[in-house]
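Below are two complexes that have chain A in common, paired first with chain B and then with chain C.
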Partner chain A sequence: MTITGEPAFEIPAQVLYREVDGQMVLLDLASEQYFGLDEVGADMVTRLTRQPFDEALSSLIADYEVEPETLHRDLDELVESLVGAGLLERVAEG
Partner chain B sequence: MSQRELSEHRRYLADERRVAAYRAALAEVVEPADVVLDLGAGSGLLGYLACEAGAKAVVAVDRGDIVGLGRRIAADNGYADRITHVQALSVELELDAPVDVVVCDQIGGLVHDAGVLSSFADARRRLLAPGGRLVPAGFRVFLAPVTFDVGRQAVEFWASRPGGTDVGAARALAANTEWKYHVATGDAVSLAPGDELASFPSDHDGPIAGTLRFEIGQAGRLDGFVGWFEAQMSPSVTLTNDPWSAERFDRSCNFYATDEAIDVVPGDRVRVAVDVRPRLGVVTWSTDVDHADGSRRRMRQSTLHGTLMTGATLDGHALGRPVPDSRRVDLLRAVVGLVDGTRTQADIVAALSDRVGDGFASRPHLEKFVRDVAALARG
Partner chain C sequence: MTAPHPALLDLASGRPPAPIDDEAKFLRSVGEHRMVATVLAAHQEGAIGLSPATATALGMWDLAERRAHLLFWQTVHEVEQRLAPVGAAVAVLKGIATESQWYDGLGQRACTDVDLLLDPGAFADLGAVVDALDPGRGDASTIEWLVGRRLLQHVDLRVGATQVDLHFDALKVGIPTRQAGEVWASARVVDTRHGTIRVLRPEIELVLLLLHLNKDRFAYLGPFLDIARILERADLDHGYLRRFVAAEGLDVPVWKSLVAVTATLGIDPGVDVPRPTGPRAWSWDLLWGARVRLGGHEARERAPSVQRFLAAHASGRARDTLRELRRQVVPRRELLEVAGRLEPGRSYLRYLAVDRRRFLASARPE
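So, the complex of A and B:
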């Protein structure tokens, strides 16, 4: 994984998270609610919090057998859902 | 009774400071003709003390089979006509009339264990008369930075290759565990005077959180923080498990290890932020050590990372699933429609192979989904 810029997103301080068997459990202390991400969702979030958005998207397209448009749409939907739930924060444009 | 249960209840009954504090507090709080509710009554001692203080009646509730023993002991001590024993969770208890006093002794550490606060809060809402009293009425909780050999060893054992085996995977679990110890003076060295983290009434039903700043007063090794409480039993009676108090009673303290042992000297500053979530059973503690030489060490730990979990238990935690799954619901219907007793899993995957890239990122993900659905269908 090549990283050339600032990550696009971060997990806010009020959200605890850990990886479990490739999946991810997130605990939002604000709502006291648990959330789960499957392997693909966990992989997407991990990349988004380590790489700029475009690099995360490109690396996902390279690693998964999926149409780029489909993956882009899935990634956008996941980001929208996580940001809306307060589980992810945008920290850089891109 | 098991050895553990016998030892636990013997410890409660033999603790003279505890018994004296509850006796004095109930004598101060209970008024003639009061009805008292004892939450987690165990062998029933607090009910007898309430009767001794003049209570007209006591309802002793406990979820365990120990209610049978409590009933026998009440009869042996002449309280059978005044104490009613009920085997139930207190949150499931229904009473014909509200009580005047609720008493409980399921307390330890930073008080949040065993659901004691939520039990008090539930009793206040449902079972206590307006103006009714709680014993204890409230708590103050404290922390002190310490050198604590026993606590440090409990973490570092897992990095020690016992028997030549690498069990280091468990060290992170140990470092993120809320440890319980009966800490007495001399067991731990306080590197700075303890301070109050928070105070709250007994029916507090929310987070317990606070930030403390310590200036290190003596050179030593920071192993973590010992936490204890002081209960306001009644207007004039308090009870504490403060390890450095000559009046401490025999109740466990909590120990929150720092991720690493850190040597500190006078003038170093330590900041710790603690966030206890009683409803979740999750405690998070963040430590910053600012050394006098300008260097800094920062650690964040949580019992979320000290909990054993697998992918299977994760499903139980994932109450909300933000992953967009509408296409997978559609696919679930498709899989269920193909489970007809004649097709194999491979047949089903083949029949749905055109959905790879639509509902799933890759064929292995589709295969896993079909396996999971088939397992559910079998189960």
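So, the complex of A and C:
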């Protein structure tokens, strides 16, 4: 269970990233591969790495005109793909 | 000549940038003149408007630079670990040392290798130092012999995947640095975000960077910013700076370079810069004058040997300069082999003949 106030995810140390015009460019030092996130993806990652998951979800629902279920599903899919690619990892529980 | 895009010069000088009509051409100039971080920052701040594709390309470039710098930091710490059993220490020169002190973050200053200055106290056991750092070389004893005779000022080593330029002489301009002991003794240990390193005091770092601009023939705009940063951010002791430069006899290349950089960027050096005159100053203008500066890769490739003339622009160093000229005209075979310029078994005389032609071609004033 995520501790309230702490972010659910973090970008691993072996991943360098840079926000450019609201988008995000990532470089995985292990695979030496670049990845790009569009503005929405970059916004999702930014919130996930700053807020607990539920808070990130709520704030995204408040800011985007989209059905909560759809956004939840999209967020889950993004998290799954980023975690799978090693670009995002769950913050270890204290 | 591949001069920097006018907008780059404007950004470097803190002026509103000229319009960018052709982004592909601009991007090439950004890379060539090592201005990625500056341009990306200007774009982020809204000083220039680039297309998303160009901005993304710069973002990727920036990450690649940061990746390289992280590797350089690992290398520095690896070197320190390998040298600890030998009892030798190093100072970090230029590159990440300059970046960590005078820039705001990783990857802000482009660099391609790691430059280190070896503690002169370790020269007595130089073979062990070289073996510890690059055990595959097999010429450690030759290096020790050459350095002992002051014939070799640096050597390129491979430490892991990184090229390390190990200086035995901080300034590396051919003639020996007279104040080698002072350079080492005045080096200071600084804490950076990436660990603790030993660095030169800022006045000597400034001199080193100005001399290095000569070696590159002022080809790239990015290194000009080093000078601007140090002038802006370092608490320089101008009296010490003048005394250091005078003691080395390097007034012409140092002060002329400082004037060249500050005039190009339109910045105030913060002090009255001496204006050397005479034959050396005239000769310097001929070889490093305004018309040959900021020529990018083309200018550098056209005159790869121009740095060999640097020693001849030192004053009061006639004996050292003659020795250096002799070393250049008739270099020892061992020196060429250590530098990788002559493979074992190849004809030494043939090398000299080819080198003479190349040298004379590059020395021709434009």
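By definition in this document, the second predicted complex is superposed on the first by the 87 of 94 C-alpha atoms of A that agree within 3 Å, B and C clash if a C-alpha of one lies under 4 Å from a C-alpha of the other, contacts with A are read in each partner's own complex, and residues count from 1 in each chain.
Going forward, a residue touches a chain if its C-beta (ideal position, glycine included) is under 8 Å from a C-beta of that chain, and two chains touch if they have at least 3 such contacts.
Predicted model, so just to flag it, every value in this text is computed and none were measured.
Undergrad: I'd like to know which partner A:L29 touches here: chain B for first, chain C for second, both or neither.
TA: both
Undergrad: Of the two partners chain B and chain C, which one touches more residues belonging to chain A?
TA: B
Undergrad: For A:G41, select first, second, both or neither according to whether it touches chain B, chain C, the two together, or no partner.
TA: Only chain B is touched by A:G41; chain C is not.
Undergrad: Touching chain B and also chain C: which chain A residues?
TA: 16, 18, 20-21, 23, 25, 27, 29, 32, 34, 36
Undergrad: Give every residue of chain B touching chain A within the complex, in rising order.
TA: Against chain A, chain B makes touches at 207, 275, 277, 279-280, 282, 284, 302, 304-305, 309-311, 313-315, 317-324, 356-358, 361-363, 365.
Undergrad: Along chain C, where are the residues that touch chain A in the complex?
TA: 40, 43-44, 52, 55-56, 58-60, 62-64, 66-67, 70
Undergrad: Inside the complex, what are the residues of chain A that reach chain C?
TA: Against chain C, the touching part of chain A is residues 16-18, 20-21, 23, 25-27, 29, 32, 34, 36.
Undergrad: Residue numbers of chain A touching chain B in their complex, please.
TA: Listed in rising order, the residues are 16, 18, 20-23, 25, 27, 29, 32-41, 64-67, 70-71, 74, 77-78, 81-82, 84-85, 87.
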